[in-house]
Structures are given as C-alpha cells and as structure tokens.
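Read from first to last, the chains carry the letters A, B, C and D; within each, the first residue is number 1.
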Amino acid sequence: MVEEELPAQAIEKPVRRGRRPSPRWDQFRRTWYFFRRNTLAMIGLGILIFFVALFITSFIYPANSTELIPYEATNGAAPSPNPIFPQVCTYQPGEVPPAPNCYLTPTGLPSVIAPTVALSPATLGPLPFGSLTLNPTEPIFYNTFDGLIKGAQWSITISVGVVVSGAILGIFLGVVAGFYGGAVDEVIMRLTDIFLSIPGLLLVIIVLAVFAGSITSTWDRVFLVIGAFVVVWWPTYARIVRSQVLVVREQRYVEAAKASGARGGRILRKHIMPNSIYPVFVQMSLDVGTVPLLIAAIVFIGFHVFPILNFPEWGTITAFSVQGAVLYSFIEACQSSITNTCIFPWWQFFFPGLTLFLFAISVSFFADGLRDALDPRLRR
Amino acid sequence: MAAAAVREPAAPGETLPEESVAAATAPPEIRPEERDESALTHGDVILDIRELKTYFYTYDGVVLALDGVSFKLRRKETLGLAGETGCGKSVTAFSVLRLIPDPPGRIVSGKILFRGADLLWGLDKEARMKPIKRSVRVKVIHKFRRIKAASARMMAVRGHGISMIFQEPSQAMNPIFPVYDQIGETLLLHRGQTIIDQLLNATPDAPEVQPAIERLAEAVRARESTDRLKALATVVGEAAHLPSFGTQAFYSARNALSTSPDAVTADLRSSLRRLRLSGLQRSYLKNRRRQTEIIDDLREIYMREMREGQHHRLLEARARRRQFTLRWSHPQFGVPYVHRRADKPLKDELFWQTVALLEGVQIANPVQVARCYPFELSGGMIQRVMIAMALSSEPAVLIADEPTTALDVTIQAQILDLMRELKHRVGTSTLLITHDLAVLAEVADRICIMYAGNIVENAPVKSLFANPLHPYTRGLLASIPRVDQPDKRLESIPGSVPNLIKPPSGCRFHPRCPYAMPVCKESRPPMTDEGNGHQVACFLYHGPSVIE
Amino acid sequence: MDNSPSHPVVLAARNVRKYFPIRGGLFSSHVGDVRAVDSVSMDIREGETVGLVGESGCGKTTLGRVLLRLIEPTSGHCYYRPTPEILAKLDSLYSSLGSDNGASSSAKHAGASSPPALKELDEIANQYSLYRRNQRQMRDLRGRLQIVFQDPFSSLSPRLLVREVVAEPLEIHHTGNRRERDQRVLELLQQVGLNPEHMWRFPHEFSGGQRQRIGIARALALRPEMIVLDEPTSALDVSVQAQILNILKRLQDEQGLAYLFISHHLSVVRAMSKRVVVMYLGKVVETAPTDGLFSRPLHPYTQALLSAIPIPDPTTKRERIVLSGDVPSPAAPPSGCRFHTRCPAVMPICSKIEPEMTAMGQDHFVACHLYSAPKEGGSASSDSLTMVSEAPRAAS
Amino acid sequence: MRLWVYVVRRVLLVIPVVIGVMTITFALVSSLPVSERLISYYGPNPKLPYTPTVPCNKLYPGEPGNCTNPIYTKGVDALGLNKPIPEQWAIYIGNSLTGNWGYVGNKTGVTGQVPIASGQPVVKVLGWFLPYTLELAALSLLLILIIAIPIGNLSAVNRNRPIDQAARVLSFSGFALPAFLLGSVLLMGFVLLIGGSNGHSPFCTGQTSYTDLYGSWPPVQCFPGGVYPSWLNQGQISSPTGFPTIDAAIHGNWWFALDTVIRMLLPAFVIAYGTVALLLRFVRNSMLEVLNLDFVRTARAKGLPEKSVVKKHAGRNSLNVTITVLGLTFAGFIAGFPIIEEVFGLYGVGRMIAFSVTLTPYDFGMIFGSTILFTLLVVAANIIVDVLYAFLDPRVRLG
C-alpha cells in the first residue's frame, strides 16, 4: 500500500519547497488505524467528544455559572409510596404543581417528586432529584443538574490548565536535566525525588491551606488551585521526559547532527524534542481525568477548596452530595426512631459521581489506546 | 495443501513410505526430486519440510515470508540455509519449532515431517483468514483452544527431538537465573528418568568406593597430572555408580591440588555422605521419577498423534490426571524447608551433570561458569553454554540460527571448531542458518540458498561453490570480498530484496536477474535436479520443457 | 611515522588516549578507567583509505569518534593538515620525548613549566591540533571531517524526511537558499544511486542498504575531505555491501576523499584500504600496507585474526590458529603486552614489558617482543614470513 | 556492587530528600502569620493572645497603656522568628529532625474530636494513631498483591482477549471511581444488605447495622458495663501497642479483635481497588514486554510447558518491575488514607489530617506534622522496595 502510492505522489510532487509531504499523513493514518481497532479507546474518545460538547454548551446554557441555585420548595406533603425511585413531574412557573412535592427547577427542566424521608424526628421534608445538601442541620437543596452543566467550564478549565502548565514546566526541566546532564541533572532529579515523595493530595492540601485564607475571590482561588496542582504534577512529566531524552540523546542521528556541527539548541529542537515528547502526551491525557477526582477527595475530607460551598465544580458537587446523602439522608433515616427503613438516596450523588467517573475513565481509555497505538511493541 | 496433510493415511513406525506421501501431498513439480530421493534409504531423512508457507498479517498487508519451502535434512548431515536478510531463513527455523509469534505470524500450510510425524498436523483448523474488503489486510480469527493444544503437542519435539540455539547469545538466556539452574531444568525435563535412576542406584557405601577415594587422595598428594586425576575420579564415580560423582571428585581433587591436598579425602567423604538418601529424599525422588515417566508418556502420545493424525484423548486425559494426582500426592513437599531438604540431592546431581556438560563444550572452568549468571559471561561463553543446553537432551536435530553472527572472528572460529567437533562426537544432524556463505563452506555438507521466501538452489557444498547454477547464487558468491583474492572486483547484485507483501510474479529474482527471460515473469521455476543432487529452481536449465 | 613522499596528510593522530572513568563504591567514586584508546598514532592521507581492524571492544569505534572530536580525548593530539616538515618535526619531538608523554602534552593543560620540546609541541598543537580549537573553529571544520555510522537504522532520525536528513548539514552551515539546497540534495542522492522521489520519504521506508546510502549522502553534503566509515557495511547483506563499497570507492576516485575505514571484517578492509592498522584492546599492534600485512602478518594476533577468517571455498583447507579464551576487559588490561594472555607465542617477557613499535621493512610496524629483540626477532620474522601458523615455533 | 554497599547508598540518598521535604514545609510555614506559627510550634493555649503588645493591665493589673507581650517575645525568640531566614530554616530543620513537630492547637478541628489530644505534641498524637493506619495499610497491601499479580499475568498471557479487556475495564474503573464515592456506596449497600434495624452484631446486641461497619471500634454500649475499658481511650486510642487487633487480643477480647479486622476489610478493599488500578496495567505491560524477550523464546524452545515459562521465566522477571511500581504508587496509596478513614470513621493518622483541615482556623502543626510523617513512610517504603529489588535481581546485586 505504502509501496504503491508513494512513488506516484512523489513523482507528481514538484521537487520544490512547500507542501506537507503525505508520508506524515500516512503515519497519522497508521496510528489512527491501530487506535480504531481498540474498542475501549474508541468508547473513551466518544465520551470525550461528549464532554467537549458539554464544555461548549456550558457557556450558552442559561444558568448561574458561579454558584448553585437552591430549589424553590413547595412543601408539606405526605410520604410518597415508593422509597427508592422518584417519579418525574414537570410544570412551568405559574402553573399549579401537579403533585404536592413537585419542585420547580430554575431552568424549567423536568424535576421530580422524591420519596419523603425523615430528616430528623421533628421535620418531614422531601429530597428532590439531583440535590446537594450542605449541612445536616438545616437542609438546602441545590439544583445539581445546572451545576454539573455549568461546572464543565470550571472543571475542564482547571484540569486542562493544571496539566498543560504542569507539562510545560515538567518538559522544560526534564529536557534540561536529560540533555545537559551532570550537576543540573542531579539537582533537578533530587528535586523531583523530593516532590514525588510527598503524597500529592497532602501537598495540594498544605499549599491550599496556607494560602487559601488570604485569597477569597473566585478567579484568584481557581488560579491558586491550579498552581497547587502544578506543584504536584510537574515532577512526573520531568521524569518521563528526562528518561526519554536520555534514550534519544544516545541515538546515532543526534551524533550525526553533532558531527555536522549542529549547536545544542538545534539538536534539541530538531531531534530530541520531537522524538521524546510523545509519552508526555499520553501521561497528560491520563492526568486530565484525575484532577477533578483529587479536588473531590480534598473537598470530601472537609477542606473547602472554593470560597463558596455551593460552587459549581464537579468535584465539589460530588463530594458534597455524597456527604449529604450519607450523613444526612441515609444515617438519619436508618437511625431515626420514626422510620427504621433505610433508604438509599442514590439520586443525590448518582449524576455528579457519574460525571466524574465518566470523565476520568473516558480520558484514561483514550490515553491507553493512544499509548498502544503509538508504541509499536504494544500494537496489534 | 494442509487439507491433504490432514487426510494423509496413518503411517506406522519410524519411517513412512515416501511415495505414498509424495503422491498424496507433494505438488507435481517436485516429483523428479522425489524420484531421485527414492534411491536413498528413507530412514535416512530425519526432517522433511514440504511446501511450508508462513505468512505475517501486518498493517501493510500479508507478508509472504515463506512461500513453499521444501527441503530434507538427513541423518548426521549439516544442512546450511543461506540467504540475505528477510529471505526467511530464520522464519523457517522458527516455523519448524512453531515459535512464530502469533499474531502477527502464522504458518498457513505445509508439512514438517519429523521422524514421520507431521508437526503441523491440524494446522488448518487453528485459524480462519478473512480478507477485508477493499483492503490489503486479512483478518485472522484464531481458535485459541486448538492453538494451545498444538503448542502443547510441540512439547514432544521442542528440545527433545529438535533443539535450537539462537543469534543473540547475551539475550538468549534468562538474566536472573544462574547457568546451572537453566541447564538443570532442561536436563530434568528431558533426561529426568535416567538422572533420578542414577541417583537412586548410587551406592556410596560400596566396598570399592573407599579404596578408590584413597587412591585419588594419594594422587593429589603426589601432585599428579590432571589427566591421571581425571581417570581416578572417573573410577571413583563408577565405584559409586554415579558418573556425576566422578566429575565432583575430580574438581574437588583439583581444588585440593592448589589449596590443601590433605583435605581432599574428608571433602570427598562428606560429599559421599550427601549421596546417602534419607527416606524422605527417596520417596521424593520416586515421586519425581513417576512424574517424569508421565511426561515421557505424554511425549510418546503426542508423537503418535502427530504420526497417525488423530487424537488419543483418553490416553492423554489419563496421563494428565495421573500427573495432577502425583503433583498433589506429596503435600509435605510444598513445605519450603522440607522441600529444600527433599530435593537437595537432585539439585546437586543436576549441578554436577551441568558441570560435565559444560566441560563437554570446552569451557575451561565449568564449576565457576555453572554458578555464574548469564550477564557475567562473555558472548562466546554464553553461546557455548547455549550449545551445551541444546545438546543436553541429545536431540536428533540441532537448529542453529546465526550462532556466530554476534561474535568476533576469533570467537567465531572457536565456536565453529566446537560445533564441528561436537557434530562428529554427538552425531546430531544440524540445520545451520547463516548469511555468511564462508562459514557454511567450512562446516556444511549441503547448502540451500534462499531468496525471498523460496529455496532457489539446493546442492552439496562442493558442487555449489564449484559451479553455482542459479544467477542469485552466482551473484552472492561474486559479491563476497575474499582475503585470499585481493584483486577480486566486487560484483554486486543490482537492486535490493523485494517487498514480500507484493513479491514479483513468477521467479522472484527476475527483477534483479541479469539473465531474466520473459518466462521468468510468468511462472515460478520448478526445482530440478542437475545431477548428483544439485538442485536448482531456474528456467535457464530446463527452459520450455515445463511451460507450454 | 610514515614519511614516504605521497599525498598530503589530512589528519595525523599522535598519542591519542581516551579513558572512560569507571565509578563505583559507596560514593560512586572514580575507581578506574576503561582504556578504550591508549596512545594511538596514525596518519590519514588525502585520497587514501586507512583500514582500522580489530575485534569488538578494541576501541576502534571510539578512536574514530575521538579523531573527529565527537568525544573529547583524554590526552594526545590530532593534527589537521600538517605540512610534511611539521610532521617530521613532530616525529622527532615525540621520539625525543618518548612515546608515553601523551599525558603531559595533553590537550587540556598547555605545559607551563616544561622542557623546550614540550613548548614546541604546544605551539604546533595550538596551530594544528583539533583539540585546541574552540567550538566555532571546530564547527567550521566539521563539514570537512564527516562520519558514516554502522547502524543504518538508528543513524537517521525517524521523524525527518530524507530530504531534511540530507539537507541538515547544509542548513546548519547556512549554505544556499532552500531551492539550492534541494538541488544539492538531488545531486547527492544521484551520487549515491537513489532516485529523486526518494527525498519525500521517511527513512523507515527504506532497506538497510538504501539507508546507508542516505547516510553517505548526508556525509557528502558539505564536500568533506575525510570521512570516518564506522563499520558502514557490517549491518548489511553481502550483495548490498558490495554496492556500498563500490559507491564508496567511486566517490573516493571522483572527489579524492580520505577514508578511515573501521571494520572487524578483514576481507572487506583488504578490498577497500591501502594501509591497515590492527588494534587490540586499545593499542595498535601492527600497521602496514595492505598487501604487506596480508602476505606476511607479523604480530601473532594479526596472524590469528587472518587465519580465523572463514574462506568461502570448501576446497581450501588451512591449518588455523584458534585463540583460546576471550578478549580481556579493557577496564583491567593485562600487564605488559596486552595480548599475552591469548598469545600462542607468549614469552616470559611479554607479561612484564610492553613492546615498542618496531619497523619491519617498508613502513610496516609491529609491537611485539618477537621482533623487538634483534636476533630473536630476525629468526621469528623470517619464520613468520614463510608460514602463518608457525608463530608458536617462533617463540621457542 | 555488593548488596550492603547498595543499601547504605540508598539510605544515604534519603537524607537530602527528607531535608528537602522539610524545607518545602518550612517555606510554607514561614509564609504563615506569626501568631499561627506561635500557636502551632510554640504552644497552643497561651495565657495571653499571641500579639506583639498587650494592654498592660493584663500583665500588671491597673497599669494603663500597652506593654510588649512577654510570651510573644519568648515564643519569637524560641522559634527564632526575629532571625534571618537561613537561621530560621536551620532551627526549623533541627526541630523537625529531632521530632519536635509542634503542638496540636486547641481548635475545634482535632481537639473537638479527640479531646485528649488538645495541646499535646504532634509527634505524640501521631504516635497514637499511626499503628492503626499501619495495620490497615498492611491489610490492603496484602489484598493488592493478591489481586494485582495474578490478574496482571493472566491478562498479559491472553492479551486482547475478553479476560484482558475485562481486566482493563476493572483497572480503569478503579482508577476513575472516587474512593469516597465507592466507599460510601459500599458502606450504605452493606448496611442495607445486613438490614436496617437493630441487633445483628453477633457479639454485641443493640447496635445498628450502620455502627456495625462504621468506626474503628464498636460503640460504647457494646463494651462490658457500657464504658470503654481502660486500655481503649474514648474508643479512639488503644494501648499498649496501638494496633487494635493486637491490643484487643492482648486484653483477651477475642470478639473485638475479630471485630476490628472485620471493620478493616471494607476500607482495605476500597484502597486496594484504587491502587490495583495502576498496578495492574504496569504488571500487564511489563509482563508483555518480558514475554517478547529472547530468553522466553529460548525457554519455549527448550520444551518447557507454557505454564512454567510464564510462571518461572517471565514471572520472576516481571515481578521486579511490579515491585518497583508498587514503590512508585505507594505515595498515591498512602494519600488515600485520609479519605478512607474519613468515610469509614476510622481513627488513624489520615483521620487526623481530615480533622485538622475541616474547620478554619486550620491546625497547621497537625497538617504539616502528618505530611512529614506520610512522606517518611513513603521514603521508607521506597528504600524497602529498592533493597528488595536488588535482592531479587542479580544484575543489581552483582553487576
């Protein structure tokens, strides 16, 4: 196939400067072929495309992008018969609620009747679909649907920001270390050792804990978060790039360039960079998924990453909704003397959790497929 | 082709009637060869490869690595397989032992008859090739169960009947196990029964042992020659009915020569004591022996299957069951300490047998080498070890895949001498694969020249070098620079080896051939005999007679 | 050393040493050296090919690199285009200093308080030695001293088109605009027998021979005066090897190139080169005109090497010297003559004193005690004149 | 290189790392306000607030005006806050190396949950809770090894077949599923499984199924007499060893010993599931690489059965890689503990971290102290792994 078409295109191609020679395209097609054969990778790619779409829609979606909106509750209802599965009900503002516990979402999206649950021995109240309660003492139900959609901008921006800036820093240091070697290499590698030996979660926490007090505006806080994560992430990239550079540096073609008098800069630009950078892309695409997970974890152990608690970021929403579901609905319900039937309030954390999960897993499927497709040894 | 292979009638016994097989399988054009061959005794042919086709299913398309390779390897014969890179000589070797990585590679059709057993039996049921529409690629649907069964069947042949040594010595051995371990497991696998029997029959308390040891000690104190020591040591070994004990005695004696001559007696006595088996060790060894018996049975069953072309499910199942029960029938050997105690004698025996083997390949200090890890040895040394390992099971066929390519000239000389010497001593028939015709000129009896997945010439070494018939062979010979002919103008074959995804039609050499005729484009030249077993596949020698 | 009036010398190496430090122990301190190249001297003349022969690990590849200063040498000098009188002076100076002063006349420290001879050497070095040039001067020279590598697969960047690969030296030295460079690339490709359309392909689409051609084209790009050929054909098939060798010969005839032809393959060296240098464990053991060397090899190692070469002819049966054992590691080379551990003609003196280079006839030099002591040497040489495999008797 | 040289070298290499880590914490600490630093590192509950000056009448009743705060000045001197940065650094490093990691502030975070910890040195408090974490870690490591290696080998051997795909999905799901989500869901699920109402604990009637699984010890009413025994302080800290199972066993409460183990199973599984995700891929890929090497082909050519080829020749080689990767992932593994202990209400070091960052003002002494502790754990684990590797691989041991 290659044998067939290359001479043809080469002959009709005028031997002048300019056009992209089609061999590059051929290489890309080869990679794509192997990628396509990997079912999981294709699934991951599909979900990723969905998330990109979500990211774009999140800018045009009519909802508040800086905080979650609480539901307007029409309250005072009898317990609904079925404890687990809520029923859908929709109505427009101004209409009469079709059912007692119907909740009006600010964007007029379908809302539902949730089963009634004992909140505390005293008060009875419903739990709307996809809600997030912040503290057990006096429940507020937030609309997490809008939050998740709007959260796409925050989460994806933060993740990509972290990974890209971390990669830039890491690649720079790694290349310097690998190419120049000697003392520079030693210093940088010891530095990576130090940073890698601190558990990432804790490093982020201590950085945030020290500076969060003084920074309160949303955007500054976002930048702080990104910075904190970059501190954690650069060493990984530096390591990867360095090991690659060490391999490439010994290749004969580098020596050939030296032999014809190339300066260090040119060798870096022309030979070492292009041949040693691919593994970083794989690692980057893996890490994009983990940033929201880490944020969620930090929020869950009780550290409020963002200035306001009802901030529409996937991790935050997930963490709070899980907390709410467990601490609030579940435990209360199980241990209350009124209703000793435990209910399993899955609708509270299902969608945030699903969002996080899908994002991370799609990205990792994609990354894995990418690695297999790029690495000739793993191809099939 | 392969279908024919399966339908082939069962042929009992070691040898099989060539005629019938030829009639059933061989395509018409290799008939003459068969006829000429029938003059010889059939038992003479030990490995018979017919129309072997091995393809690689890659992104760029189907690579026809081997396209109908046929040759015969006779007893005690060294057959050289020569050709340029990518002509498929190594692929042939790996196909014989079915070591082709799959995917992407697959043996598509053909017959490999080893002692009348078809190693490729049941090949066509192992996978289905489905061509993808409007694409050069082919989708291969594997039937993994059958493939597993086939590779299990190969255990009857691999290392036992046919063993192999590889190109990169330094990478061909497992870096994290010492040499004695790796050779030892091979020994146990293939010669387990005899080794364990020797251990069980060893009599350290035999009356003639003590005086023998005394004599040996005397010889050491008198600082006699190593040959004499060796002779005495063998006497000791025979006295103890354990040949490896002779080796052990010899080395402890020689060490004593340098260190403390008086210690040698005590030393030997202690090692004798180690030969006295405890009840635990005895029962352990008996158990191991039964296991090895079963393994040999399995080998026998598999050979029969491949010979008769049908499963013996019952036999195999029974053997497997017995093997299983045996493995678990002695649970106490799973206990680490007890186990170590139990198999200590076997370990020692294997170690000393390994030492003896290494001696056989002229390694100066076998004891140390046996204790070394591969990365501590030089390339030449490892290659020797590999040879020792390959020959440890006294195989009928030794396949050497570029054994000296990675070595220096002087080391290559050593290895070649060794191989020549071993050939006369052990008498295995060798399939020597190399790109260096000069090497073949020294060691081979017969040479097959391969080009682009075909054998183009197959001749006794003398007549090949005397008058090469095929243009490609001529080109090769002309292009070799020679020390003894300084002012020889180096001829070169124009062009390069063709891409095997779309090989040239007809004779694959015709694009590079100086004598190319129109007919060469159209049809493939058959293999014809040009007298005294010099066969060539070229239209120059029997032009129009075949094509009409 | 070689004073025969002939073509001018392009490169003259004198006492070139390259030691690679071995680190080990608790604090990875410097525990020893791998003596890859140990005080090697040789001349390379315009339009002639010097063959450099030796087994793997004998330092021939390192020597090739050091001569081009791709690796910084430990000591010694490599003079670029010295005039004959300079050469003569050099030889006299070195002989006056004795052979093992390479260290003191090192590239690094110019001898501050040193005998006049050393001062003189320094002046010459400052003028001619590659190792005294700064980076920019060196870069100008790079174009004239080129190298072709052994492995045609790792020597071409997988992500560059052939066009970019071959044009790279031109780009580095800013010769011509893009169009001119393309033209130059075209003619280079023609010179090495490739088609114009090949310049639009990636290296991985070529066979080994074609890749090696590309490598040669890259080396030729800046019209070099000398090319170090580092086992250019050892990774290739014989038929292709012949093609490459012929191309190299043709180019030499056309452009009067000087080659340093490094190979472990004696027959190829014989086919290619005018003079041959035999190395063993970082030292030159014998150097001679090709025919002289192959007709009467003097050093036992050379003899063994020659007799070890298999000859593609089943009818010629020769008695062969099979060396025992392996090449010792260059980290701990044997004392005295480094070959004495494997030498079939070893004498007690060999393990003690290191043999000097001694002239045996028309610029044929050998470092072996068989020949250093005059009377013994005479008999030995006359012996080894007659039969290659007689060396053992020569010892007794 | 001999093995001991290797070990010594490895240990020496740790020193700069540890000091570097402490330097990082120092950099963060020194950017805190002075009062915070004094509270965390000089003494949590002073008689006077940590301000440079205080109204004099607090010192000498009746005196007007502001006087310098003696406690403040003493503290500043003690921590060398008035000295140049390098000296501060030296003092800090000295303190950290000598185990002086500050004090648990009397703040709502930790002290609210663990009253006896109030005002105690951080090292002491961590010492109380470390054993629990270690026991949990050991259990989950065991699980990890049991799960990862066989599955990894399996999926490598029959690569790109259903088993492999399943393993892939498993590993990636473990990687993508937030540990707290999985933990909570499992917790709730099991509670629902056991049933909502009372009295199903085999040895302690009267506790709900939730308290069966939540917390590191049964609630107080399960203990004889309805009070915690003397060796179990507040149902949080057990003495003498601090390892709950061992302590319970020492004091002969076999039921509780069993109970603590049961309570650890679920958390251990969650941690293992998260860590296996990464490990599995590495095991598989390394196994694949090893299976492509020449010596495996040799082993096959020798006639070894496939099983022993995979187990012995390939397995031992890939085991080295597995161990290394385990060392690399140990940091991530240990970082999972705060979350898990928070989810399941276990009293370990991780829980302390969670407490100390829950409510502002944060308990910085505890935060930094536990960070350093975890870092030390990681470093130690890496040393162990490297030594193990060297022991397993002769090329490192001898080469």
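Quick note on the criterion: a contact is a pair of C-beta atoms (placed from the backbone, for glycine too) under 8 Å apart; a residue touches a chain by one contact, two chains touch by 3 or more.
This is a predicted model, so every value here is computed, not measured.
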Interface with more contacting C-beta pairs, comparing B-D to C-D: B-D
Rounded Å distance between chain A and chain B, as computed from the means of their C-alpha atoms: 55
Inter-centroid spacing, chain D versus chain C (mean Cα positions, whole Å): 60
Contacts with two or more other chains, residues of chain D listed in rising order: 292
Touch-based graph of the chains, sorted into line, ring, star, complete or other: complete
Interfacial residue positions of chain B with respect to chain D in the complex: 97, 99, 101, 144, 148, 151-152, 154-155, 157-160, 163-164, 166, 168, 171-178, 185-186, 189-190, 373, 375-376, 386, 389, 393
Complex interface listing, chain D residues touching chain A: 16-17, 20-21, 24-25, 28-29, 31-32, 159-160, 165, 168-169, 172-173, 175-181, 184, 187-189, 191-192, 196-197, 208-210, 281, 285, 288-289, 292, 331-332, 334-336, 338-339, 342-343, 353-355, 357-360, 362, 364, 367-368, 370-371, 374-375, 378-379, 382
Chain A - residues contacting chain C, complex: 2, 6-7, 9-11, 13, 15-17, 21, 23, 27, 251-253, 255-263, 266, 270-271, 274-275
Chain A - residues contacting chain D, complex: 39-40, 190-191, 193-203, 205-207, 209-211, 213, 289-290, 293, 296-297, 300-303, 318-319, 322, 325-326, 330-331, 334-335, 340-342, 344, 349, 353, 356-361, 364-365, 368, 377-378, 380
Touching residues (chain side chain C, partner chain D) in the complex: 24-28
